[in-house]
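In what comes next, chain A is part of two complexes: it sits with chain B in the first one and with chain C in the second one.
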Partner chain A sequence: MSFKDRNIWLLMPALLLIGICFLYPVSWLLQRSVSEPVWGLQNYFTIFSKTIYLGVLWNTVAIAGATTILCALIGFPVAYSMVHSSPWVRKILIFSVLIPFWTSILVRSFAWLVILQRGGIINDVLIGVGMMAEPLDLVYNRFGVLLGMVQVLLPFVVFPLFSVMARIDGSFVRAANNLGATPIRAFFRVYLPLCLPGLLTGAMLVFIIALGYFITPALLGGRGDIMIAQLIFERIDEFGDWPLASALAIVLLVGTGLLFLLINALLKIRGGRI
Partner chain B sequence: MTDQTKLAGLSRRKFLTTSLYASASVAALGIGTRSAHAAVDLSGREMVFASWGGSYQAAQETAYCNPFMEATGATVIQDGPMNGSKLRTMVEAGAPIWDTVDVTDTFLVANEELFEDLDFDIVDASPLDQAYVHQKGIGCIIWSYNVAFNTDVVGENTPQNWADVFDVEKFPGKRALRDRVYPMMEIALMADGVAREDLYPLDVDRAFAKLDTIKDHVIWYTSNSAAQQLFVDGEVGVGVLLNGRTFDVFKKGAPVNLTWEQNIRSIDYLVIPKGAPNAEVAQHFMNATVDADNQALMANTLAYAPCNPAAFDMIEDDVLPWLATTQENADKGILINAEYWRDNLAEMTERWTEWKLS
Partner chain C sequence: MLFHSEKFWIGLRGVINVLLVVYMLAPLVVTLVISFSSALYLTFPPPGFSLQWYEKMFSNPTWTRTLWTSVKILIPAAILATVFGTAAALALSRMESRWAVAIRGLLMAPLIIPVIITAAAIFGVFRIWGLYGTLSGLVIAHVILTLPFVLSTVSANLAVFDRRLEDAASNCGAPPWTAFRRITLPLISPAVMSGMLFAMVISFDELIVSLFLSTPRVRPVTVQMWSNIKGDTDPTIAAIATVLFLFSLFALLMDGLARRRSGRAPGL
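On to the complex of A and B.
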């Protein structure tokens, strides 16, 4: 670390901000989750004993996980072509990733509704050219949710990957090829491991952001696509049930924190080998 | 809560005509019912009015707030939108910044401890239909959940009742239903043949069994404006939509209409949050909203039904059929049982979520 201890006061503004705007409210939530209606862990027992809370927790992890995998699979080739194309094409690629990113999530989610619904563009075209007799159900289900979330979160995996890939020395792969590795082998044994820090950072960002998603599943999802943020909103808005909502929020926060530590540890191990 | 039927307004011309008409009737009536609060001088006093925003609150401002300010000299400050958790937090903290708030009946009866008692020495609620008067609030509008349909999609044979909405043979394709345990329990039971007068207490198992039959044919909506869009686009042929929301898109020319058969009425109340800084002004304001002229103006602007029967004499002919409380429409429906939902909402909502995930 290049940071000298005597410069620690430079961190103060950030620490103060986190303290006031994050740690204080979170400790308030934590307190409400264990002190109401009586002191104890009953709110947490409720969450971990009722099928609806477990079901929604599972939904949240499943949707966030699937979003992450899809983002990585789509984002990797995009970042790769960004790095290995002419500056002009690169600019176009960067903008085509950034411009949707700068558009409001709400607008984009509604746009997906217009495109995907039964009377939407895609179904109209499919039926028009005679490929389908009946419109496909592309929205108000898991497919719609994943499509919407992947589009929104893709930049979070593309840009970390891009910055890591841009710094990879091409001679490593060429050396592997010279030493007799097939291109596929060279990719998996040399190139991919070098990309891993970027890939894992991006995937972690996507997964963590996806865990707290609200608007996209609410608008594009169907009956079974409820995520934890929607449940928290409902508990507070409809029932004023701060204790249970707080407990749900704490569960989400702790789960996310553990995941963060896990991936961090993983990165360290990889870092040691590279 | 977002289940309010807040409509986009009528044309400006119509709005102006309505306002003129109402002012004229006020002038014609002279003192009449107005004398009660006209006598009170509240100059220099103020209160904060919070409602659901948009054209709905604008209409309330015209129909209730402005006449009140004129008559008493008080100042009414507009705020909002109403938000259940915000209101609850303010009252719990002991420092509400709202003096009068527009809430739904289910919210009122489930959270009575959050509100001040009305002072019936100040508020003369006698002109109102007493079904819409509560110790903690007075009804300001009545709206309803209706069987709605897109005529382009369903054609000549429009759905007549909830059983039709549940009939996937007769009306193939998707249907739009509200993602909330109320009024879906009532709707499912009526669809299954339960008579209106036998609904409560609800046979929950029967309702869920009925819902199972159309599980995969439903688009569940949480936002009423999204629901309007589903009907306008023809994404769904049939479903449930609020009467005001249907009126809104109908007036704008969409092929969307409704039937009053088995409608489920609900009330919005005006209430005073406990500890409101200007509660006394708010009590006088409550009294002013009872006024038939004001209620008629409100209905003519946005097709929401008045709670004061005398207001009906001043409502325009083309608005009348859209009101949930005309004798004809009211006879075909039920008033939602807010007390039942107060006692069962929390538990039933869990079951609702569980059912959806299953």
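On to the complex of A and C.
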């Protein structure tokens, strides 16, 4: 028996499973989005014409975008610090990014509730030391969502950045300094461009994952922070509205897919140059 | 000049490091501490320590039943994902056609596309097939979600695996199965193990697909936690959260040991 024949048998279980129980259901979803209540694109027109759905789409992009920017802004100094710290400090930093990464999002969202709610730790402390008379609204709003989402998604930008920064040759920046560049100029003209592949990969990854987020906004957000994944869940769970939910799912799928292709293309261009 | 002073930058880095550690670990520390609280409500820091929430967790049939349901899902799901994923990784590593790229993409798709889409799609079809609300339905769904992890972990290991070892065994007269069992499998087993560990962790933590597929009769612990957190934040959840956390930590440690033995680099 040749390797070729054996390969087919080795692939069969996984392919059959993914084909029947994943690919088929997703195409079934696609079909429902255009076939009900009658054939046509009316479900898509509904999504892109009604204010409530447009509002949710806008929320999704805005929250994902803000999460991405915050992750990049926080992730950059963190990755830099990881690369340039002593092995011992680096270990602690990697540990503190990795451990939460493998802890359930549900657990972490619960913990943020405990920390942030009106009777939570932060408000207790603020009132206890007399800084505040009234508890602050730290959760069930945009602030809570972003705090929770950035914590969950930060590793996705820190690790690609870390691996890129670790390979940057420090003599480039020193050369720029010796040639008379101010530290700020050397940073923007030399160091940042060298980090860009890692930063872009990480940021795009965060953005894509954030677009489909469900648990964190559902637990830490308010009514005004509903994202597309929650809307899909609600339409199916509460209303059994398959046509609209399917169309929403396909919009999310296409958006995510296009962005994913874009990352791949970016990586290829960058890979050729560096 | 402030920006030119070495001290300023070292200090800034220290501040960033401390803030990061607090931000990333505070939720876990708070959960851990509250789970041992002696208070009857959520308060921090707790007035004293006790194991009451763990007792409540293990004496409450809802929690023990849902925890047990999760275990009944994660064990078969992780085993199936590991077997299917490893087999697929072996096959793909030997294929050189363009098909290999497409097939790998297809098998990795459940990891890339948002889980909510997978969940909605599977729910819709499984209802028609009568798999909704069944243990087997949940197991199948979890295999789909965890298979990509096994596939990528084992594939990464196979990429650095020296095929000549297996060829040598074949040339010495070993039948394919013997060559695989005696040469290939022992060499890739740490990667297979870590794939399986992560499949278990992901299955145990999975919420979204389970939310769609479970009924009050067949309900994993995450779904129960979800409805409790949405209703009222009771310290018992901190105890359950700690159990979930310790499970992930244990898997991570086991993986670290496997990596050390195999000499693979640590990381994701």
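Assume the second predicted complex is superposed on the first by the 234 of 274 C-alpha atoms of A that agree within 3 Å, B and C clash if a C-alpha of one lies under 4 Å from a C-alpha of the other, contacts with A are read in each partner's own complex, and residues count from 1 in each chain.
Keep in mind that, in the parts below, contacts are C-beta pairs under 8 Å (C-beta built on N, C-alpha and C of every residue); 3 or more make two chains touch, one makes a residue touch a chain.
Note that the structure is a prediction, hence the values are computed from the model and not measured.
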* To do: Classify the contacts of A:T216 with the two partner chains as first (chain B alone), second (chain C alone), both, or neither.
  => neither
* Please work out whether A:E234 is in contact with chain B alone, chain C alone, both, or neither, and reply first, second, both or neither. => first
* Asked: Touching A:Q117 in the superposition: chain B (first), chain C (second), both, neither?
  -> both
* Partner chain(s) touched by A:L253 [first = chain B, second = chain C, both, neither] -> second
* With the two complexes superposed on chain A, say which partner A:T60 touches: chain B (first), chain C (second), both, or neither. => neither
* To do: Have a look at where A:G224 lands relative to chain B and chain C in the superposition and call it first, second, both or neither.
  => first
* Asked: So, A:W28: does it touch chain B (first), chain C (second), both, or neither?
  -> second
* Structure fact -> The chain contacting more residues of chain A, comparing chain B with chain C, is C
* To do: Answer with first, second, both or neither: which of chain B and chain C does A:L10 touch in the superposed model?
  => second
* Considering only the touch criterion stated at the top, classify A:Y140 as touching first (chain B), second (chain C), both, or neither. => first
* Asked: If you lay the two complexes on top of each other, which residues of chain A touch chain B in one and chain C in the other?
  -> 117, 119, 219, 236-237
* Touch list for chain A against partner chain C, complex -> 1, 3, 6-8, 10-11, 13-15, 17-18, 21-26, 28-29, 32, 74, 77-78, 80-81, 84-85, 89, 92-93, 96-115, 117, 119-121, 124, 151, 154, 159, 183-184, 211-212, 214-215, 219, 229, 232-233, 236-237, 242, 245-246, 249, 252-253, 256-257, 260
* Show which residues of chain C lie in contact with chain A when the two form their complex. => 3-4, 13, 16-17, 20-21, 23-28, 30-31, 34, 42-44, 83-85, 87-88, 90-92, 94-95, 103, 106-107, 109-110, 112-118, 120-126, 140-141, 143-144, 147, 151, 176, 201, 204-205, 207-208, 211-212, 222, 225-226, 229-230, 233, 237-238, 241, 244-245, 248-249, 251-252, 267-268
* Asked: What part of chain A is in contact with chain B in the complex they form?
  -> 50-52, 55-56, 59, 117-119, 140, 218-219, 222-224, 226, 231, 234, 236-241
* To do: Quick one: which bits of chain B touch chain A in the complex? Just the residue numbers, please.
  => 1, 83-85, 88, 111, 173-174, 215, 218-220, 222, 226, 233-235, 345-346, 349-350, 353-354, 356-357
